[in-house]
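Each structure below is given as structure tokens.
Across the two complexes that follow, chain A remains constant while its partner is chain B and subsequently chain C.
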Partner chain A sequence: MRPYLGLLRMSTRRILTYRLNSLILWIGGATFLAGSLAVWHALLSQGEIGGYDWDQMKAYLLIGWASGAIGSAYGDWWMADRILDGHVATDLTKPLDYQWARFSEHMGGLATEFIAIAIAATAIVTFTGGMVVPGPVQALLFTVSFLLVAPLKFAITYITTMACFWTQNFMGVSWAKDAIVTLFSGALIPLALLPAWLAGPAAVLPFASITATPAALYLGQATGWEALRLLAVQAVWILVLWWGARLIWRRALRALTVHGG
Partner chain B sequence: MSLVEARGLTKIFRRPEKDPGLRGSLKHLVQRRFKEFRAVDGIDLSIEAGESVAYVGPNGAGKSTTIKLLTGILVPTAGTVRVAGAEPHTDRMVNARNIGVLFGQRTQLWWDLPVRESLGLLRDMYDLSPAFYKQRLERLDDVLGLADLLPVVARKLSLGQRMRADLAAALLHAPKIVYLDEPTIGLDISVKDRVRQFLRELREDGTTLMLTTHDLGDIEDVCERIVIIDEGRKIFDGPLAQMKDRFARVRRMHLQLAEPTPAEKLAERLPDVEVVAGASPTEVTVTFDRFTHTAGQVIAAVLDVVEVGELHLDEPAIEDVVRKVYAGELLR
Partner chain C sequence: MRRTLRIYRRSLGAHLRAVLEYEADFWILVVAGLLFQVLNLIFLSAVFSHVPALNGWSFPEAVLLAGTYGFINGLGPLFFEGTWRLAGKINHGELDYPLTRPAPVLVQVVSAGIGMHGIGDLIGGGAMIGWGLANSDIYWSPLRIGGALVLLAGSATILLSLIVLGNAASFWVGGNHPVFAMTLIRTGDMAKYPLSIYGVAVRAAFTVLVPYAFISFFPASWLLGKESAWIGLLTPVVAVYCVYLARLVFRRGLRRYDSAGH
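And now, the complex of A and B:
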């Protein structure tokens, strides 16, 4: 446990080293959130769309933005670059489980991500006049679900970066992943608003567990057994992706070529 | 059983084969062809505890690949490896505790944080007690001048400083076996000397060393045994002295003669020997094979013609041997 906590701390410290970079990252993110709020405010002035009124949409957009923020301080590129520039070789000479090690570093970003989310939430409450608040049961369900977003997003990112073992470049993979996750998680627009041909894949892919699930729990769209089912789906995806990643990793090591030096 | 034991170790990489130009690249998209490339080709290697082995060969000979197979980074295509009883690529974590690795061209320090933090993380990784950690840091400080580097952010270190910090990181947990892949690359003479001095001390402590290098000074200063590989195959494995015996046959004698003598006149007396005139008419250089001639025979032959003032004998240098290997002149 100690080495992994050590890695988590190192990762946090590394992120804090680049305060200005982080600040710019969050200013950019906040701009996007403000833009989405403005667009939906205009759209919803005529009345509700897809079962969302303005108050609910505000909460939805915040949750969508917050779930997107998880893992962003650590960044996919950092993990990808280790594979691309061959540093993975030195990582492999350490008595650490590679996947747990990267997971610990990923978690090292949470501290700054939660601060950013808290600031964004406070700003929305302050400037748009309040926020829908769920009852205690839904709040608890939401909290559990939101905490599960971190390992889920890690697993997805981790698997994506492993593509570098074969592609030798992360650019295309990264763009594809971001686009797919944003669309099918519901971060772009609520999944209920997607046409059937997109809603179908969205329902069976793991990405809905990132945004749609916590949002549904927060807004009380899923209660009782349905809520528990959604949490179970989230947990199952984490396990499937976590162990799937291990299988891919084993194959990746066989494909590993570290050139020079 | 030896500490490091490799049998028939082989690693084959697949390299895409593309025709030249854009056309070739486009063609490769639809019709993919690959060429197999044997980076390491059936290497047998045994290293006993406490040995220090230089692993030498031209660029692309398979040195680094071998190290990566021995450290468990790469999975061999064929053959077996055992390091301290463990198979490195399957028991990677067990193996990692026994070994220290330095890749001269790559750092294992956290680039954005002070060196102290990286070492602290390694302390956690290897579960070192505070007392042991402190004692190791002091020891490493003595030889590597580590104290000045500890508070510095790794990316601000000069190359020499970085290498010293990286050496400390590789050796912090006092590993049984240390693999050093080009430990002196890019270093200036004084840092090189310090690093070599440190490696000698490690050897005296009983650490098993394996180092790849292009710097022959590293080998003569640090290693007793040399393994030469070329195109993935082992072409020599034995003590340094034996390598010189086997391959370095040529000796060179520089003579200062009492009076001007043409080289041809001496050459008549010395068949199969090369005689070249020196800078002045009274100097000649005689190059001979020490398996067919002794130095005494050469001097005797010269003395028949002219008195000799001074003489100076160049002993075979390891450089000559390795240069020949690099130039592909040695027989397999």
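And now, the complex of A and C:
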């Protein structure tokens, strides 16, 4: 356990070293959130759309943004860079489990991410006048599901990043993944508003557990057994992807080419 | 001038050949670029299936606006991608090489790379423009076609200038990644929707402070004959101003460059 906690701390420090960088990136994220709030404010000025009024949409957008922000440190880029330039060879010699080590690195951003989310939430409450507050049960369900988002996103990112064993360019892969996750998680637009040919795949893919599930629990759209079912789906996807990643990792190692020494 | 253009073309061509060596990467990037334009389209079509208009903009008009923004944004990676590597060059002291070569530093910097995702943006954005134009109510005349092309060129100039401007900030910000430029350009993404949906502060900032609105909103407003359409005609003037500003900031920054001291 200790070495992994060490990696996590190191990753946090690494992020804090480039404070200005992180700050500017967060400002970029905040303007994105402000932009979507403005778009939806204009859209919802004539009445609700698909069951979402302005108050609910505000909460939805915040959760969508927060679920995009959490667990999104630079861990995937560090991993990709080390695979592409061959440094991964030294990672393999360390007496650590590669997947757990990368997981620790990814989670190094959590502290700064929670602070940023808190600031964004405060700003929205302040400038747009209030926020929907769920009951205690729904709040608890939401908290559990939101915490599960971090490992789920890690598993998806980790599997995607392993594409670097086969391609030379991580940027395109990362972008394509971001586009797909944004669409099918519900971060682009609530899944209920998608046309049927997209809502169908969205319902069976793991991405809905990233944004749609925590949002449904927060807004009270899923209660009781339905809420527990959603949490179970989330947990099952984490396990499936976590162990699936191990299978891919075994194949990926065989594809690894490192030139020179 | 001709020599400069030739250097630019040769440098870009060299990077193009290098990029095309990796065929799989080429396709991944093109598809990734295209996916983002498709996302915009899905968002708009999902929204407009529930509302008839967004602040007076119909679905085809909104698609035209978003498509223009996407198309213009595709030009950055295709023609100015090298600019994004400026921060890394400063950080590693690699700007020494362009400085010692007998060619303008800025030209060497902007042509030091090519991003194939721009092709995806051009295809996606272009298709959206075409569909939007075909389904919007526009009275076409030779003057209008000419005007539209001039404004499009102006928009492209503004965006490319902003890319140079934002990346030149790396001379002051430091660090390995061009975070300032990323934020500057990403904030502009708000301009893919009609500007009128935003509050007064954003509208003012996007018009006067950083002229994102001239990249797509004002030119499209002129073409569609929206409210205060004449502002769109200022696009070339704003473009000239942006070029001047980008050059100035880059030169100022270059003077601050102090290598890495190997």
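Here is the rule we go by: the second predicted complex is superposed on the first by the 260 of 261 C-alpha atoms of A that agree within 3 Å, B and C clash if a C-alpha of one lies under 4 Å from a C-alpha of the other, contacts with A are read in each partner's own complex, and residues count from 1 in each chain.
Keep this in mind: a residue touches a chain if its C-beta (ideal position, glycine included) is under 8 Å from a C-beta of that chain, and two chains touch if they have at least 3 such contacts.
Remember, predicted model here, so these are calculated numbers, not experimental data.
*Asks:* Quick one: is A:Leu256 in contact with chain B, with chain C, with both, or with neither? Answer first, second, both or neither.
*Replies:* After superposing on A, A:Leu256 lies in contact with chain B but is clear of chain C.
*Asks:* Let me test your reading of the model: by the given contact rule, A:Tyr18 touches which partner, first (chain B), second (chain C), both or neither?
*Replies:* Touch status of A:Tyr18: both partners.
*Asks:* In the overlay, answer first, second, both or neither for which of chain B and chain C A:Leu92 touches.
*Replies:* Only chain B; A:Leu92 stays clear of chain C.
*Asks:* Between chain B and chain C, which makes contact with more of the residues in chain A?
*Replies:* After superposing on chain A, more of chain A is contacted by C.
*Asks:* Applying the touch criterion given at the start, work out whether A:Pro3 contacts chain B, chain C, both or neither, answering first, second, both or neither.
*Replies:* First partner only.
*Asks:* Kindly classify A:Thr122 by the partners it touches after superposition: chain B alone (first), chain C alone (second), both, or neither?
*Replies:* neither
*Asks:* Once the two structures are fitted together, what part of chain A is touched by chain B and by chain C alike?
*Replies:* Shared contact residues on chain A: 18.
*Asks:* Would you tell me which residues of chain B are touching chain A in their complex?
*Replies:* On the chain B side, the touching residues are 13, 64, 68, 71-75, 89, 92-94, 96-97, 99, 101, 103-108, 110, 112-113, 117, 120-121, 124-127, 181-182.
*Asks:* Can you list the residues on chain A that touch chain C in the complex?
*Replies:* Interface residues on chain A, with respect to chain C: 18, 20-21, 24-25, 27-28, 31-32, 34-35, 38-39, 41-43, 46, 49-50, 166-169, 171-173, 175-176, 179-180, 182-183, 188-189, 193-195, 198.
*Asks:* Report the residues of chain C in contact with chain A in the complex, numbered from low to high.
*Replies:* 22, 24-25, 28-29, 31-33, 35-36, 38-39, 42-43, 45-47, 49-51, 54-55, 116-117, 173-175, 177, 179-180, 182-183, 186-187, 189-190, 193, 197-199, 202
*Asks:* Write out the stretch or stretches of chain A touching chain B in their complex.
*Replies:* Counting only chain A, the residues touching chain B are 2-3, 5-7, 10, 13-14, 17-18, 86-87, 89-90, 92-97, 253-254, 256-258, 260-261.
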